[in-house]
Structure formats: C-alpha cells, structure tokens
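Take a look at the structures below.
After this come two complexes, each holding chain A, first together with chain B and then together with chain C.
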Partner chain A sequence: MSDIASLPTGSRQRQGSNIGQPMTRRDGILKVTGSATYAADNNPEGLMHAVLATATIARGKVTRLDVEAARAHPGVVEVMTPENRPPLATDPDEKTNPFAFRLDALQNDGVRYAGQPIAVVVAKTLEAAVEGAALLRPSYETEAARVDLEGESFVAEIVGPGAPGRAASGDFDAAFASAAKHIEATYDTPPQYHNAMEPHSIVVRWEGDSLSIDMPTQGLAMAVGRTAELFGISPEKIHIRSPFLGGGFGSKGLAAGPQVLGILAAKLVGAPVKLVLTRQQMYGPVGHRGQTRQTVKLGMGEDGRLAAIEHHTLTSTSRFDDFLEPASNVTHSLYAAPAIRTTHAGSRIDIGTPMFMRAPGEAPGSAALESAIDEAAFAAGMDPLDFRLLNYAEVEPISGKPFSSKALRECYERGAARFGWSKRPQAPRSMRDGEGRLLGWGVGTATFPAIMFQAEARAVIRADGSGLMEIGAHDMGQGAWTALHQIAADGLGLSMDEVEFRSGSSDLPNAGIAGGSGHTATAGTALHGAGEDVIARLTELAVNDEASPLYGAGNVGVVARNGRLVRQDDESRGEPYAAILKRAGLAEIEGRGQSAADPAAQERYAMDAHGAVFAEVAVDPNLGQIRVTRLVGAFAAGRVINPRMVESQYYGGMIWGLSFALHEEAVHDKRTGRIMNANLAEYRVPVNADVPSLEAILVHEDDPHVNALGVKGVGEIGITGTVGAIANAIWHATGVRVRRFPIGLADLLGGTPDVSDKGV
Partner chain B sequence: MNLFEYVRPASVAEAIAAAGEPNSAYLGAGTNLLDLMKGGALTPARLVDLTHLPDLGSIETLPDGSTRIGALVKNAALAHDTDFAKRFPVVAEALLSGASAQLRNAATVGGNLMQRTRCPYFTDTASACNKRQPGSGCDAIGGENRSHAVLGWSENCIAVHPSDFCVALTALGAIVEIEGTTGRREVPITEFFLLPGDTPEKETVLEAGEMIVAVRLPAEAAKLAANQRYLKVRERTSYAFALASAAAALTIENGAITEARLALGGVAPKPWRASEAEAALVGKAPGKEAFAAAAEAAFAEAKPSGDNAYKIELGKRVVARVLAMAAAGTPERMPALPASAFAPLPEGVVNV
Partner chain C sequence: MNLSLTLTINGERREIVLDDPRVTLLDLLRERLHLTGAKKGCDRGQCGACTILVDGERINSCLALAISYDGAAITTIEGLAEGDKLHPVQQAFIEHDGFQCGFCTPGQIMSAVGLIAEGQACDDPERVREAMSGNICRCGAYKGITEAVIDASGKLSAGKERDAA
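Up next is the complex of A and B:
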C-alpha cells in the first residue's frame, strides 16, 4: 500500500454530484501552512547532499577537474566524474523508445551545451558540497559554439514527440499564386526556459537493489520505467513518491539527467542522497522551449476569405537529440482554407535538448499565426474578429474531419461582449486613454488538442459503505487532488468525505502522464470507469440476492445514490452499500477502470478545446513602455469538473501568454553560448503590476465523443491566443507590427511618427 | 565560493578596524552582497556585519536644516517617513520604484549606494570582467549589452550603476558622510562615484576600511520640494531595473525656471548629474521647447557602447518627460506605481 497519506478531509459534505462544484483545493491548507511535503523536504536518516558542477562552455570537452581539491574539502565524501561514476545498464545516449531522450549522466568528458553537468560532489552538508563543486575548477578544450538559427538547417520529418513534420491539403502553391491578396511575414520567438517554483530535485535511498525515491514527476510510471531501464532493475523494485509538484509545465514529464545523477550518486556513496538544482542549473539539462523562426504565408480573396495558408517553422534542437517545437501544426486546426501546407526545419545548435514546455508547438505557433491573421484582416480591410469568423473552420481544415464539439463561436461572442470589442475602431493609433497613452485592442484564437493517455484506477467499497479510490496521479499545483477526488466520489455515488482518495505514488495504478492537458480526462476517465465497475459488481450482488429490496431489479436498472443502490424506476426502493456487503459477508468489494483514447472516435472526429482571448494594451507614446491593461479569455473545453481550478488554469495560461509576448527570453552570449540571464532577477516574467485585470469565461460545451466524462483539457490552452492577442493589440495601439518576441519598448521607440517626434 | 570570517562589531570604530584587513566587506542587509557571494562573483575573506551597530538607523534634521540619514536606515523606512517624503519627494519616489517591497524592507541606505552593477558578465565568473578581475578584459563589449551605458563609459567597462535612490540623491546634491581609520570626511555624492576609466574596479572614493555612516541632504534641497519627480522606464511595470531614469527638481518663479536639478540613471557608470542640461534650463520658461533642449544637452556627449543606441533616444525622452512632470508639480500623494509611465500623468506631458 502506498505510504502517501490521503489528504485530510475538510468539511465538504455535498449531496449529489461533486463534479461541477467549485471546491477549493484539498491540499490548500497543507500548502499555506508549509506542511505539504515536496520532494526536497524529505530528509532520511544519514542523508548526504549532492551538488552538480556544470559546464561553462557550450561545446568541447572537460580536460581537467581538480578532484583532489574538492575531495580534500572538509565534509566532502566523494566526487563523481565519468571516471568513477557507477555503471548504467543502458547507455543514457541510447534511444530505447521515442520518449527516451538522451540524458547527460557523466557518460564521458564531452560537453554539448553550457550548463551541462560535468561532475557531482557529494558531501555531508549542502555547504560542503557547494564548496567542493566550486573547487573543481574545470579546464576545457573549447570548440566554437552556435546558439542561434543562422547556421545550417535540415528538413524535419518528425516534430514534437513524434508528429509528422509536414502536412498538406489542397495545392498550396497554386492557390497562393492565384489569390487576390497576399500576406507573408516572418516571426521570431526566443528560447524560453522552465522556471517552475520548485526546481528539479530528488531524494534517493537504495535499499539493496531496491530504490526508494522522492522526486517531482508528471509521469510516475514513465519515470519508474526509465529508471528501471537505466539501472537494470525491475520496475517492482522502484518506488517513487510525488505527492506534490511545485509546477511541472512539461519540464518534469520525463526523468531528467540530474535526477539520474542523484540516483547514481547515492549508489556511489552508499547512502541516501538529496540533489536539488539551483535556479541557474534549470537552464540547460531539464528542457526548454526551443527558439523558432516562423514564416506564415496567407493568400486570400478580395472578400478576405482565405484561399491558402502556409506555415513554416525553423526551430532549434540540440546537437545530440531531436525535439523540434511543432509550431506549424497549430495551423492544422484553426482557420478554414482549401489549401494548407505546414512544414518544419531544424537547426542543430549547442544547447540542451528542447523539450515540452506548456503548449509546446501551439504557444509559439499561435503567436505567429494569430499575428499573421491579424495582418491579413487589416490588409482585407476587415475587423480582425469578423475576419476570423469569416474564415471559421466548420470542420478541421487539414483533415476534413468534423469536430467532436466546437463552441468557438460562442467563445468569440461572449469574450467580445464582455470586452466591449464592438467599439473597436479599425484603424491603428486611434484610441487613447484619458492621459494620452495609446490604447490598442487585439484578439487571438486559442486552441489546444484534447489528448488522452492510458490509465488505470482501482475502486473499493468497504464494509461500512465508505469508498476508496486509488490512482498514481500527479498534482502539479493544478488541483488534481481535488478534481480527481470529485470524479472519484461521483463514480462511487458518495460524498467526497466518504471516499478516501490516494494518489501521487508509483505503487498505485498507472495514471499515465500529467501532460498534454490530458490528465483530468485520462485519470478521471479511469476513475469513472473504476467506479462504474465496482458499482456494477455491487449491483450484481444485490439484484441476485433474494434478501435485497433490489432483487430482480437488473432489468430496470440500478443506480448509485448517496451510498445506496436504488432502482432506477423508483429511487425510494434500494439499500445502503454496507447492507449488501454485510449480507454477502464481504469486507470490501473492488472494481477496476481503464482509460485510453477511443480510436474509433479519434478516427471520426477532430478533438480540440477552443477559446478567444481579447487584450487591451496601453503604450506610452513617447517612451514605448507597454502594459497589458485588460485580458479577457473565453474558453470552451468540454465538461468542467471544478470551475475554480479551471479558471485558475486559464488565468495561469493567459499570464504565461503575456509573459511570452512581453517578457520571457533566455539571452545567450553568442560567443560562448552561455545563457547570461539564468536567474529570476533577469529572466523576466510578469509581476502582479503587469496583470491589472484578468478575466476568464467558462463557455459551456458538451462533448459526447472525447471520453465518458466529456472532459477536454484546460492546462495549456490559455497561453495560446493570448500571445497573438497582445501583439495585435500593440500593433493596434501603435501602428508598429513587431514580429519578434518578446516585444519590448525598444521595438516601439523608433517606429511611429509620434514616437520619433522629439518635441515632447 | 569561499570560506569567510564573520565579524559583528559593536561600534563604528570596531567595524572600521575589522574592515581594515585586506579583502573585507561590509555587510548591510546582504540583498546584493550575499547574492554575489553565492554566485562566486565576490569572495571576501571577512564580512563585517554593520546591521547591529547602534546609532546608524535614524533620520534626523540637523540645526542647519539639513537632513541626515543613517547608513542603516532601511530603504522602505526612509521612503515611508512622511516628513522626509514631504521634504524630498523625489527621493521617496525613486526609492519606491526600486526592487520589491520585500527587498526595500531589508535593504540599507549604505548598501543601496554601494550596490554593484547588474552587468551579467560581472556576475558570471566564467566571463572576463575588469571590474571583478582587473585586467581580465570586458566581455560585455561585443556581447549582450543592450542595457549598458551610453554616457561616461570607457573601453574598460561599459556597465551602468543600477540604483534609483542614488539618482535622486545626485539631483539633490546629497553629501556622503564617510568614516575611516583616519577619521571622518564628507564627499558630495557627485564626487563619491568614480567613472571607470582605466580602473573600473574602483567605483567610489572609499578607501579600504572606510564606511558610509550617513547621507545628508542639504537644507536648500528641501526648497525644491514643490516641483520634483522621478521617472523610471523599464520593461516590466514593477520590479525591474531602469533602462533609463531621471530625477528632476525645479524652482519656477514668475514663469521662469530659476533653479534646475537633473540626474540620470541606468545610462551611465554612475548616477549622472546632467549639469549642462540644468544650466540650459535656468532662465527658460518651462515648456516643451526648454525641456527638449535640456534633453539634447543631457545626452550631447552620449554614444552607444554596443547594441544600445536606443537608450540615447529613450534617455532624451525620459528627460523631457520628467521635466514636464516636475514642472506640473509634485503630486499630492505618492502614485500607486511610483515613477512609472503608468502612474497618473499630469495633463499635457504626453506628446501627442
């Protein structure tokens, strides 16, 4: 049984459905009182501290490390380098499956990006380990590095986690050539790095050849699998606990090199080891969003109807592995056009391998596409929202499949009404606030696919009529402890207080991966299935038991209500779960549930969540400083399990969109390849004053096809649409179209008549 | 990374004696020093903790009408001292535009003056930096230098001084009170900071062991209280260093400027007093024309040190705007976003 305690139950007694209720986070009190145990909060007996030493060059090899000096430092126990690193059963450079990304685990003296781990110092105290790492003073053989997109590129056949790099419908070239109007524009998005509040960490204990691990992960089962493969031990011998993550956003989806190094270090010193990355060490070995240069070509008729769309993305990957930001693919589903072509190219540069980062592909892709659509609307002389409605995709443009559901029109409508969009003058530079600042309004369409992974869940009804639900799910802060518990309770026909919910541990049923905005759909569907299964078994007992008031009710049907099974045709006739189990002499009854995407439904339907984001920006006409004064997003993503959590996801996504539009950028020194702003003082993200007004509207949407619960995903969609909406609003405010993100005041200083007017 | 000795002196004299040892550093709140030590950019062998010293934590008005601020007064305490903020509103506004509430609650006056540049190559020990390691070179030149200096820089260092507080102090002609083994001395803030020249590692006139005990604002500075403002342009609405900032104080009599004070931040290796611009303003009627001329004068000598030519244009606009804001009068209340382009704007200061 899992040694992760279920969360203490608050008083949330509710009769009837828990799904749809805005429950507060069940882990909220633990978190605000500091009693939620994150991985790095674990301090097993005899713990030692491991600290990484990382490369300051981007390409070459380590020629010397002053291991003696580090070892001689009081408190240092061992220095792990490629020379003495314990062997691994699988080469970390071997691609055993498409999700096995190459890791840096001290397999050799090579350096392939700045920030790569080159040694691990283990000491009795954190301070000694830090000092030991500093004493290593590495020498290098340095090769010239490249960290931009100006070098050679290759055609990318596979992008993201295994999607085709090119797709087409219709004849783009012909359609573009014969279109009445053309837009062609290139947009640059920068490298962005993960900055979850909780840095990657691991606390490892080897118990013989078994492993006991505390580490934040978005994919417990995959982490177990990868660890088993690397260390050559069976998965049953590995137990990972991950009850809380301080944010994941894709960076904790797959086991990262530093976590593997923690396990190796524990093996080397024969003691429990804790390894926690510093903020700076997050910039390299744990994935990032690769930079892109995207060219969008739009051909349209005189009436503004799109005839041809081409979206080409050039993006970076590392020298040693492939993860190419699938930015062009957002164009598959957004706007209708008879001819669409999407392509990708990659460029190998001296960086850590890019990886999933909240809305991989969609975030930068929609930034470019939504900007280009706005440029097209203006060229067509149309309001940007009318233009989007004119080119509304009734079916998925590239495949021709109908959408399983699509309430985008209503999103546009409700968002626009709330925002006051109808008052928008078409010409740029035509609005001012009361004090003379330029105001601009922009819109962007949000979209994200409804993805599901495979999962299992276990449901139990106990002799006293209470329930237990188990699934190894992941709460990254998004509220899985709460939303999944709501689903679990409804699945058992009990209140949340009557159901113990266990999660966050690898010895529970596999919940798949908390990624792709698919966790609630995936884990929720498995829980729902487990509930159905156990209720069916209980029903089976009752309807076949002459002593039960439900005897023979199999045909009319039996439903679970508030801890009782009742006849569907007469809910007054029934009996409590406890009574059924008692008569049957059972201490408990168990059911199982599975979930996976339904291939038949996927074949028939395109499945996506949608939304519309409206932004207002104010720009100082003389100084160029920008502020997003209002953001309104309206989203439709199927059934809402917990509106409070969903709203938070939209808020977080939209704020990240703002961050993308105006702030985030890892700045490399082009000569050395090092990132010069690898800290939260200089890697800018928005602060409260940057987000004065934020609203999310939850648009109702029923989807009978995505899964039994009708749930799509809400985790990533908020960032899409928002970036473009803000860029478009800046254009509308200033008349300056900035095609490089993040947009800053220097971009606006020179470009407009007022702004360059020096009279002030 | 370094092992260091920690000393907690009981008096200023003890502190000075302790800091006389080579490679010692005074410790204020540590919001800057400790960060730099953790990153390995600074490796003092001895920290002399000033925060427990008595008598350096008060704000007093002296018999001559000047105001003396002890070196240990917290940034927030100074900015929120109602009497002080009334007499020197530009200083309060500059302080409140800096860092975050948490940092301001901790940071000391002495530490604010002595805070080091945010040049990323200074912080990154793998880079060449003349300031950190004299003679090693300057990797900011030819590197990432969008936020570097356009005034006062040298071929050896192009970094900017990051403080907001010091810009306001410079405009108002503050005096730095220094104590060392040879006794006390006073240095006007305009002479306290040094330009990099060939010795960018030497940032101030402080000699080994000398400490700042107080900063004094002369009585006549208070006379400018009616017309003074700070404006700070940055890439984020709050909690960001200045790309360009300016503090202005004016006396306007009978429709003409009789006295002008102007200092610039974020554009030079030290808080930059724009004396030519001040001279150009005196006798002029406050208005666009005079302010534009002053802006030109302030940046007459400016030249880009890298990819930062935009800062010259930006700096001029900041000067023109802050002068217009100062001319419009010190606001009754501190704006919710102090020194921000998004604080309430007096009528007519935006060029439309």
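Up next is the complex of A and C:
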C-alpha cells in the first residue's frame, strides 16, 4: 500500500503539546463580561442609524412610497430609494462568479419576495429611523405569488455550491426491478431559517474612497472581494473587522444585500451608519434552507442486503437565482449498494434565494435516507443497527474509492453500548416509561464530508523568543480563537501564552471561509505550515552558525521544543530561539504557510467524518406530545484539537437535529407569499427545556490523508443522523411513520392506537 | 421635549435626559450609554438576549420603556464582576463551556443570576432548564448552561452559609 500523503517525520513533526488539550475558551472572559465586541456594539462618533423598509408583498413592484412623510419626521436625515441610491460599479444582479449571489440593493422598484428591502431610512436616532420606515406606507402593483413545490419543476444539473445534481453507479432500474423487497417513500422537509442570535448588522464609515467596516462574516476575504467589486474600489481600501460573530450557520458566509445597503446609506448621508436587521427582516434577504420533497427507493434481497438505492430531491429556489439544497448527495457515501442513482429537481418560487445552512444537503438528505433505511430494516425483519452494519460501506459506494479513514463501526459499537441499544425490542409500541408514556428508540448514521478550502497564515518569532501568528479567521462560536491558537502555539513550539494570536480582521492573511466544517482543518493547516516555515528558517540560521550548539546538525534534524531548537537525536543539545536571533542580529524572523485540498489525495480517497446517533423519545399516548429524553452520539472526525470545544459542537449539532426533527418550520401564507411566523416565538427553535440528556462520545481516528494535521470537521455532522434517529424513535414508540418534518403531535393523532381507541 | 430620569446603573447614579419617549431600556443602554453587553436578538421579548436585572429582578430590557424606570437600580453584565474577579456564574459559564458564539451569553448569565436570587431550586436540572427557557441559545450550549447554573448556585449558597457561620 503506497500512501500518498503519509506524514514524513521531521518536517511535519508536531512541535508542542497544546493540541488535544481541553482548554477553556480564550475569548471566555470577554464573552462572560459583555466585553466581546460584536459589529452592532460599535458606536463611532457621529453615527447615524439606518433602518430597512421591506416589502409586504411577494411579487410585483413598488408604486409609491411616502418619502415626504418619512423625511418630515423629526430626526430623519434621508430616505434612500431606487431614485436616489448612490450608483454601484457592478450590477448586484450580475453573476461575476459562482459565489456572487444576486443581491437586493435597491437597483429597481421590483419586488421578488416578501421581506425584500425596498427603502432605507437614515436618522439621527434609532427611534426616528424606525418610525420613518413605518411612515413610508408603500403601495404596490401586486402579482400572484407562489411559495410551494406544487408548480413546474426543472432538472437541476448543479446543486449546492457547484456539485453535480445527478450521479449514478450501476444500473438502478434493473437492480431495483429484480430486488426481492422494495421500499419507496417520500419525505417533506420545510423551509428553515438560520436565525443566528445576532441579527445581520453593519457599522460602516467611508474615509474618502476607503471603507472601514464592522460586520459579522464567515468569509472576510470574500466579503472584501464582493464589496470591492460592487463599489468599484480596490480591495486594499476595504477593512472589515469581524472578531466575533453571534452565530452564522451559513447565513453570514457571503455578503448580503442589507449590508451593502448599509454601505450605500453611509455614502448617501456622508456619515458613519449602523444598520441592524430586525429579527423579522432575517426571513428573506439573508438566506434560508430551501424546502425539499425527497423520494427514496430501496431495493433489497430477502436477507436485507441493499441492491439498489435511488434518492430524488425536489427543492425550491428563488425566481432570480439558484441555490438548490443538495439533499440526495448524502446517498453517495452512506450505504453500500451495487446500484445507486441520485437526482435533483428545482422549483422556482417567490422567496429570497436559499443559501448554505448548517449541513446543507446532508441535514435534510440524511433525515430522509435514515428514515427510509429504518423502514427497510423493519421490512427485512431486522434490527435497524444490524441492518446498517449489514449494508456498511467499506468503500465510498458511488465512486468505489477507499475512505481516507472511517471509524464508523466503532461509533456504532460505542454509541450502542452507552445507550443500551441491545435491549431494544424489535416491535414498535412495546416500551412504556413509569408515567405510561410510549417509549421508542431509534438510530441514525451521521456523516459529513471533510472539506478543505484555501488559506494562508503568517508566523513570526520575535527577538525575545515569543511568537506571533496571524490569520484572518472567523470565530462564530466554534472556538477558532482557542483551537487555532492551540495549533499556532504547537506550530511554534511555544506555550499559548507565549504566542500572540491575531485573527478576525481582513488585513490579516486570508483564512478562506468558516463553513463546510472545514475552517479548523483549513486555517489550522495554514498555521501549521507557517510554523514549520519559520522554524525551518530559524533552523537554517542555527545549523550554519559555528557559534551555535546546533552547528552542522542539519542532517540529523532539529526540532522545536518549548522555545528552543534541539537536536532530534539528543534533545539536551540546543539553544533558545532568542539566542539564535540575537547572534544573527535579527529583531524577528517570519514564515508563511498555505493550505489547500490535496488534489491527488482527493482523487484517491473519499474523505468524510462519521458518527452514530441514538435517540430515545417518550410520547404521550393520549395527546401525542413528543419529548426527546436521551440522545447519545458517537463521532469520529480525525484529530481532535480541543475536546471541550468539539463536544460543544456535537451537542449544538445534535440540538439542531432535534430542532429539525421536532421544531423548525417557516410557514408561508400561500395567498400572499408572506411568512406567517417570522419571529422567535412562532418559528420554534429549542429552548433549554426542550433539550434532553445529551452525550457525545469522541471516537479516536487517525487520518494521514485529509491534511497535515489529520483534522476533519465537527461543526455540521451532529445534525445528520440525529434527525433520522429521532424520527425512527417516534416510529418505534408509536408505530406511526411520519414522513414530514417537523414531526408534531398532530401527525400522530389518529395514528396512535391509544388515541383512536379513546376517541381523542 | 426632554424627559429626565435617574437610574442607578451598576452602582453608579446617572442623571439621564431623553429627547424621545420611545427609547427602550435596552436601546438606552446600548445606543446612548454605550453599555453594549446586553444584546438585541429580537426586540420582542422572545429571545432573552437583552436580559438585565432591575431592582434585582430579571427582565427583558427590550420590552421596557426607559422613562417608566425612573429611580430604578439596574445591573447589566458589565456590572457583575468585581474588578478582575468574575462572578461565580460567569466563572461557571467558562468552566462548563456554557456558550459558543457568546451573543446570548450576557442575557443567559443575568438570567441565571436572577434565577438564583429568586431562590428557586437550582440543584434540579429540570427546574433549571425550565427557568432558563426564556433565554434562547441558537448554538445549542444548553447542556453547559444548565451545568453552569447548578454549579454556580451551589457555590453561591455554600458561600452564603460560610458568611452566616
């Protein structure tokens, strides 16, 4: 076996011992004292407040705005409409690259979804701006809108961020036709909205033709690029600070229309402007997860072995741009079958363009597939876990590639043991708790690809032997300030306190995007590389300096240990960094690192994180009320940088899974196209009381192929598996198979024998 | 029209003149006094990110008009630590990783401080979960939050017993 990306000793040797430690968050004190500065916490001198007015129709155009009434309100400074909006250098409807999504920046009087910005009111106070926006009282020419999946559809060749919409291996039709047993089922998932706690916001100041911006973003460099293009200024003139994001989940990945409007408003009034969305305004111009209708067909032998899998997804996108939830693609990697076919279709409706939302594709796709697999297990008369093990994919089913690593069997084993799965009775409706509630147990397999983007980092060792690492990374809660600092310190062979770590600003090296669960891998690998580079330069100085105890040690190798370079064959021989720099007369020495996916490794291996989630639910037999009472997840995702932070990511993901299964759903009024529950009271997300006992098991996994650090990603995988596990547990509790999400008590009424028996 | 009121904010008496009766307590703190620890997540009393203590009780400051609180004593997240010494609830949130993005955290912590002061049974996870359910955490840090509240509550009551002895 010739491993193409094995870890050579020496050059890629780990220098320190911070990686793997459960450090508490480096930004913890700032966050618990209210000192962490989020974008809207900035109040520069002379600040004005901008408030959006948004469309209350879903399709048509604005025919009148009472601009005079708004202007006349005390404190209002200006009303920005398509009439007086400053020009942009690039049309916000122009697709200059695949990640340039069309924005609504008052380019015309058209309305293409409810909640679209139609004007901006700028005032000296927030109160005046809010009132001014209300005084605009728009009139419209309204066209009939459609917001469901019932209309025309088209074949989607490209889904998600540029993935193929169709894939196949083997002959599905033949394999399905000749299979002994068949399952065919259709599952509906609703539109979901990210609802990060921090509303999208921007504080912006023009200084001549330079821009100073505070704005939460998961992609600093891309935000600079889009802003530069839209405003026709060079990227060097734009500085974006995003030290903390109050959550992102994909909704802050790409520049959004409202933030562009904030920049335009500041230009119009010639003063610094703060623009913050209301919660309601987050349901439209800043993305969401499109609704899906997925049909899964499974053909299997008498023994339960899968012969054919087909996964088809119909999903929504906007009338004016394409983002299609790639839900079928999860089937490429999960279960072995000689014939697999995945397809997608799209339907254009009058909504804001859908966008990446935590586990795009995998979250709804796994919900459907894991439910269908459970249905197949029951049809085969098998335990659902045994069924999954029987159909375990030893290689990636769609491609036949080996996995770079896959500790899924151990995840199943350890999760099942912890949960007590072996005591599960096969038949549904056969367990009760002490209060007479129906109990059910379900399992789901979790998976998410190990993705790498491109990044750069800079490392410095200073005259006093301390270090500095710089990367424009993003902490949206996953713990980048801590985990990346750990990697940075190890890269320099120093303690974390000896290394200054700078991040969260666009004037630092490009860290790519915090998304796709790839940020720690991407930014971490760049930091690791920068550390290697600066240590190599320092080594070069030492081994060529006759005055150094390391003189001539180039061949045996030199490693960094606790602020010293030492001989690899004898760690007692060496000297401090400071001594090397002093003799060389240098104030500091600098190194650079880059990271990117290795195309050769990608060609050769399928790279995914895996996990298994076990759920227990209790269902009131009379009311149908559902409670999740236990969740146990076991995950293998390569090297763990900080187990405390990784556990928190898994818990958060599992709670998102619970939310998908039982809570979240944007409900449209089909007559008007408006969302009826655009707020945090009626768009339900879990509160503390909804969250049961949670356990996350970190399964050890070494992966020499994904990147130099062996890191996969942990941010999104927790949702996958969990949704299906809960749905399957509800079936096991009640005997009712619900094929729409979120599952509510109404779905169980009439279906649970206790309920119908008692006539409730 | 100028409206004057007096507030004691984190122990400091402030004379405040408002030019607008529509100003909420939250917007007064954030936009006019630049105490930006309390956060605006919904402005409708649905998320709890703006939770502060008014005369020792937790409230959603986004639903409170500032002028109706003349004479009140207000504690915000900025007033909780004593210099560099964190309040036990703040310390417990760090130790139990009771936050991720941190945006809801000031509200969670003020809510927890209020809850413990209410004398509710803070050793029972179910009660804590219920009583902390006015504060949404979209990152899903609830497990750590619940553990932090129980831990801090225990330490605070142990401290009180020591003081009494």
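The working rule: the second predicted complex is superposed on the first by the 742 of 760 C-alpha atoms of A that agree within 3 Å, B and C clash if a C-alpha of one lies under 4 Å from a C-alpha of the other, contacts with A are read in each partner's own complex, and residues count from 1 in each chain.
Just so it is clear, contacts are C-beta pairs under 8 Å (C-beta built on N, C-alpha and C of every residue); 3 or more make two chains touch, one makes a residue touch a chain.
Because the structure is predicted, anything quoted here is derived from the model rather than measured.
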- Given the superposition on chain A, which partner contacts more residues in chain A: chain B or chain C? C
- Looking at the overlay, does A:596 come into contact with chain B only (first), chain C only (second), both, or neither? neither
- Query: Thinking of the overlay built on chain A, is A:389 touched by chain B (first), by chain C (second), by both, or by neither?
  - Reply: neither
- If you stack the two complexes on chain A, which partner ends up touching A:667: first (chain B), second (chain C), both, or neither? first
- Message: Looking at A:686 after the superposition, I want to know if it touches chain B, chain C, both of them or none. Which is it: first, second, both, neither?
- Response: both
- Task: Give one of first, second, both or neither to describe whether A:43 is in contact with chain B, with chain C, with both, or with none.
- Result: second
- For A:676, is the partner it touches chain B (first), chain C (second), both, or none of the two (neither)? first
- Message: According to the stated criteria, A:579 is in contact with first (chain B), second (chain C), both, or neither; which is it?
- Response: neither
- Task: Under the contact definition given at the top, report the residues of chain A touching chain B in one complex and chain C in the other.
- Result: 131, 681, 686-690
- In their shared complex, at which residues does chain A touch chain C? 24-25, 27-38, 40-41, 43, 49, 75, 125-128, 131, 195-199, 244-247, 249, 276, 278-279, 475-479, 644-645, 647-649, 651-656, 679-681, 685-691, 694
- Interfacial residue positions of chain A with respect to chain B in the complex: 56, 130-131, 133-135, 280, 432, 435-437, 618, 620-625, 627, 662-663, 667, 669-672, 674, 676-677, 681-682, 684, 686-690, 744-746, 749-750, 754, 757-760
- Item | chain B - residues contacting chain A, complex | 1, 3, 39-40, 118, 120-121, 124, 126-127, 139, 142-144, 146, 233-240, 243, 288, 291-292, 295, 310, 313-314, 316-318, 320-321, 324, 337, 341-342, 344-345, 347, 349-352
- Item | chain A contact footprint on chain C (complex, rising order) | 19-20, 22-23, 27, 30-31, 34-44, 46-47, 49, 76-78, 80-81, 86, 90-91, 93-95, 97, 99-106, 109, 126, 128-130, 132-146
